[in-house]
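Next, two complexes with subunit A in common: one pairs it with subunit B, the other with subunit C.
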Partner chain A sequence: MSERFFPEFNWHAVFVQPWTEYANSTFWIVLMGFLVSGTCGLVGCFVILRRMALVGDAISHSLLPGITLAFLLTNSRATLPMMIGAVAAGVVTVALIEAIRYSSRIKPDAAIGIVFSSLFAVGVVLISAFADTVDLDAECVLYGELIFVNLADIATIGGVAIGPEPVVRMAVIALIAVALLLIFFKEMLVTSFDSGLAASLGINPTRYQYGLTLFLSIVIVSSFESVGVVLVIAMIIFPGATALLLTDRLPSALWLSTLFSAIYALAGFHLATWLNASIAGAMTVVAGGVFAVVWAAAPNRGLIAHALRKRGMNRPELEPIAPDA
Partner chain B sequence: METPNEMRAAKSPPPLEVHDLTVAYTKRPVLYGIDLEVPKGSIVGVVGPNGAGKSTLIKAIMGLLPVASGWTKVFGQPFNQAVTRVGYVPQRESVDWDFPVNAMDVVLMGRYGRLGPFKRPSKADKEIATACLEKVKMLPYANRQISNLSGGQQQRVFLARALAQESDLYLMDEPFVGVDATTEAAIIEILRELQAQGKTLIVVHHDLTTAPEYFDRILLLNMRVVAFGKTEDVFTFENLQQAYGGRLSILSEVALERARKRAEGDTPENVGQ
Partner chain C sequence: MCRSHPDRPAARRAQTTVWLPSPYFRYALATLAIVVPTLAQAAQISDLAETSWTEQAIEFFSLEQPIVRTAIVGTVLIGFCCGILGSFLVVRKLALLGDTLSHAVLPGVALGFLWNASKDPWAIFIGATAAGVLGVALVGWIKQTTHLKEDSAMGMVLAGFYGLGICMTTMIQNMAMGNKSGLDKFFFGQAAALSSGDIQLLGIISLVTILLVLLFYKEFLAISFDSGFAQTIGMPARALHYGLMALLTFAVVVSLQAVGVVLVSALLITPAAAAFLLTDRMHWMLVLAAAFGMLSGVLGAFISYLSNNLPTGPLIVLGATLIFVLALVFGPRHGLLSKILRRRRQRKRIALENTLKSVFHLCENSQFTRKVFEASELALERNSNLPAIESEIRNLVKSQLAERVAGTNGARLSGQAQFQLTPQGWIRACEIVRNHRLWELYLTNAADYESDHVHDDAEEIEHLLGSDLVRRLEERLQNPIHDPHGRLIPTREQITA
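Showing the complex of A and B:
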């Protein structure tokens, strides 16, 4: 017992110190975590409802060759070329998946596996082959880390400092996500629920499908330096999946997913502080824990409610389906 | 043989016109050289064996599928210029019923085509949706998540949504599948009401025993148009045999029996009562 498995839990060090001594960096890191998982969560609700979760995973992996190529071509780590490279990779991924699906007998899940693993491998080869010239850390791209988010460069508007540049950039993406959601809510709702009806109403489902894919790529590339391309899929799926266990309406699912994102960011930060561990990893562990609790204990559809109902101990709150009047 | 009413209707463009329509999935044609002109105010039953291309025809009319040749027109216009004049009832299994929407949300979707971009359903749209739910006797379930509805109730929600579209031409894909007798009667009552208002209805239907009662025109389809016209002219033993080939089941035999009886003197009017 010379070494403890877990570090000692020190209330002061885990909860007080971060918000006093290091309040400034804590605030920006937690806010960044929230902006990342909140934006991923909003987009994720639709990704889940459209059964595109695997496509999201594929896009996140194919970003690796996208940003590597962008770097090799421009020889800079500027945001714009990276963004263009990543979005292009996302579009190529989706186009390839669709092409394989429609022109062969390969089923969609296999098509996704083929496309994203081969694109990802191209990225791995490029990074390792040009390791001397590419100033990209594969570890960092894969796993990301909120603690390394650059808080030193302060973005200013008209000379007024607003906040660290990466956080401001993510906030802009988050605001765009909210704006798009408000503008296109009904189109996204109807194309996700019933694409045939949407088309018959003159709302082109393909256009919104590609729009969502495009925006998903943008969100993923904005998020990867914080949470990495591996864990970004967790931020896309967990908030929406957990919320959808609790509610029957899309708007409340969107609100709940935002609430869960805030919980992940805050609890994940403190968990990481306690264990001296990766914040992105801790956020995902929290997300998994919250999901497990909701899955078990959700009022109507949870495992416990289900088991009780089976035993007849707890009548469901909904009255049974009425016979057709 | 056309009534004066139909003669007058012929002057304005027909609700649906299909010319030489061919649709193919990969290489295999599913619909081949379809020619149709549906007169205003008719209820057309689209009948044919499995894989005859019934749903494909509906989807092709709405431009949901790539067309190999030919064209379709709705009220004399390409479909995408007449979207608000067409209401659609998809097959019930085409959607995910666990989707986080309630019955009212689904019916409101029927208004989206009229709203245009950037606009949300107004109070007036909600009133129309409420009236449509009332009409199909689903208002008490307006706030129910849709998986908590029976099959018949779900179908009535779909019908209410089509009513909310306030269209002139309705395309319905198997609205009677998996519904209880009460719902079936309720749906057919609403279809007749729509017809009385001068709307045109095209209904994919698989039950040969009820087809001659429900529809005043029948389109017998099996990749090609086997026959199209007034029910009493089309619903004959020869035509059905041609459409179904050797695939007539016992149930269809019953239908044929009826068809034969009708041929012997029963008019469709007193059969329908």
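Showing the complex of A and C:
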């Protein structure tokens, strides 16, 4: 091999330079990464609890025909039509999955697989068929990359520059997510764990289920341009799954998932700088690494704790049972 | 008293509960509306090509061009393998494991590529298989040692491995030697890109798959449907499971190049799911799934050939989806259409039986002295309007359960039309009333219901009790004479007489 696969590690270039010489863009990229993974993580906690993880995967794939159709119909890459197309695709995906489940004996997992792969195929065919008119790149949708986030358009409110337009947009989505979470926390908590109890309390579980699905597709749409379709799933599942290994309380799981998201964004950025690789990919690698560490070392549920408990159980240390008087 | 309960609400409920999937059926139609034009679109594109449609078809199926031959052989083999292996996934509710696998092999592909910086199928194959097996093992391990559910575990492995793969491929692309073209095929797939080496690999995998499935059919069947049972009778369930997974990984890795990462899972799931809708026997399911897989392979390759610029993978998937939708709608036993027809027949039967029961009540109210009734009397009894009753009577006459009595006082006049039950109709009416009253008695005697709570329940079950169940009820209740409301239960002798 003429070239080394792993570039030389240079402390200065990896950790110092980005924050001194390119401080501006570094800040926005890391912030964007955090906003994406943080928002996904918050929604993801509920997605995991409701065992909808793979529905999220399905939605993220079905967005492709949605945005392609939106593009073909409006002939613009404006945010709003894309958003509507994508959310519509998300709703159609869920409706189709439910339809197949209810009208046949196909199991939900197979229904998910059939629907998302078909819709994705429709999307790819549409893009290839109208390749000369569609200025969309399926690969771009698939991968997305934080480095390509447009930092040049500065959003201003009342003449005051706040920050790059995509980052501001993501921040708004994140704020909405937090606001919704604060407003509906109790309802989401109850419907996630005990839909029977929720129904008896007068909370309609299906309504919240659909609300979550809808919001999930909005979050996925707004995230995919920076992390790509597949890695959105990583950002949705990893923070929550890792947090749920550490705690049994939903509020602390939500806080932990936000903390993990910050770690992913920061560490992912530096890892990508070092390896000269995709930031989204690097964030996922960090997420996988953090999960592996927590999985091994979590105080209660970790592999090590498990092994230690097992050894403790095997040790014949039990005191003899005192006979009753 | 039973009479104090209005018959109608219960009857209406019985009619509405039998029709479940109306909104879902509409969704399904909506999908059709989306999918069909897309396919039509794909076909249309071919018209723009220089030669005509038929000429191209002949050219395609004559298999003269080597590239067409490779594509067809490749897609057929892929469809075959994926159909058979996918059937096991679908019946074990592991459908999305295929999706996980196809994403998880990416870092392996990148590693294989790095091995000698070329698209050497064997190096990539070995790397990808290793990554795939590792991924499947990790899913199992996470599921075993944490409280995370299977879907989260699969999602994590899928996305985590894929992220690692993306990282590695971007690193490769940023290196001087990285020529992108080799790796790109893995994302969308092009059957024409299959090399003869790939075909050889595919052939070997197909052969191994069919051999193993034939040799260990009973074992695979046992672990698929009752893994606990398989273990207790001493089958190496774990080894078989991992054997199946290894085969699956091989198949996924080789299929990647023809259909791409995202769509391999479709080839595993969709043909198998279509087969699952058509049969209840595993061996038939395997045969059908393999056939569907091959058919969609040829279909996709053909349309792709017609349209020049469309990628093969998505078209194969859409072919499979088309087969699935057809099976979903027209399947003889589990299809939507047959379900609708069955429901409609049942609804019609229940409506007929409800009318018959009301006629019986009329007859009973007259102490069994009258046999001929007027439509208006029935309308009063059923608490319904005349046009509805007229059509009910028409249905009875059509089924030869009743006959019109040539009118004395103006038979054609609305509400005055007279009718009586045929002997056949009389038997059915007695049967249904008997079912109803036996069930009421059963609920009060055996299930300790209050006698005023049993009517609604009996109203629904009376249409479903078979003769066998009725006989057992009679035995259990020791051939009763009166129902809980004190009325006579029409006896078997009375029915036949």
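Throughout what follows, the second predicted complex is superposed on the first by the 310 of 325 C-alpha atoms of A that agree within 3 Å, B and C clash if a C-alpha of one lies under 4 Å from a C-alpha of the other, contacts with A are read in each partner's own complex, and residues count from 1 in each chain.
As a working rule, a residue touches a chain if its C-beta (ideal position, glycine included) is under 8 Å from a C-beta of that chain, and two chains touch if they have at least 3 such contacts.
No experiment lies behind these values; they were computed from the predicted model shown.
Q: Please indicate which partner A:D57 is in contact with in the superposed arrangement: first for subunit B, second for subunit C, both, or neither.
A: second
Q: One more residue to check, A:F238. First (subunit B), second (subunit C), both or neither?
A: The answer is second: A:F238 touches subunit C but not subunit B.
Q: For subunit A, which side has the bigger count of touched residues, subunit B or subunit C?
A: Ranking subunit B and subunit C by residues of subunit A touched puts C first.
Q: Counting only touches as set out at the top, which of subunit B and subunit C does A:I183 meet: first, second, both, neither?
A: Only subunit B; A:I183 stays clear of subunit C.
Q: By the touch definition at the top of the document, which applies to A:R249: first (subunit B), second (subunit C), both, or neither?
A: The first partner, subunit B, only.
Q: Shared contact residues on subunit A, subunit B side and subunit C side combined as an intersection?
A: 244
Q: What residues of subunit C sit close enough to touch subunit A in their complex?
A: Of all residues in subunit C, those touching subunit A are 20-21, 24-25, 27-28, 30-31, 34-35, 38, 41-42, 45, 90, 93-96, 98-99, 103, 114, 117, 142, 145-149, 151-152, 154-156, 158-160, 162-168, 170-171, 174-177, 187-188, 262-263, 265-266, 268-270, 272-273, 276-277, 307, 309-311, 313-315, 317-318, 321, 324, 328, 334, 336, 339.
Q: In their shared complex, at which residues does subunit B touch subunit A?
A: Residue positions touching the partner: 59, 62-64, 80, 83-84, 86-88, 90, 94-96, 99-102, 105-106, 109, 112-113, 115, 117-118, 120-121, 137, 140-141, 144-145, 148-150, 152-153, 161, 165, 171, 180, 182-183.
Q: Under the stated contact criterion, what part of subunit A meets subunit B in this complex?
A: Listed in rising order, the residues of subunit A that touch subunit B are 49, 183, 185-187, 189-190, 192-194, 196-203, 244, 247-250, 253, 318, 321-325.
Q: Given the complex with subunit C, which residues does subunit A contribute to the contact?
A: Counting only subunit A, the residues touching subunit C are 1-3, 5, 48, 51-54, 56-57, 61, 92, 95-96, 98-100, 102-107, 109-110, 112-114, 117-118, 120-122, 124-126, 128-129, 131, 138-139, 142-143, 228, 230-231, 233-234, 236-238, 241, 244-245, 272, 275-278, 280-285, 287-288, 291, 295, 301, 303, 306.
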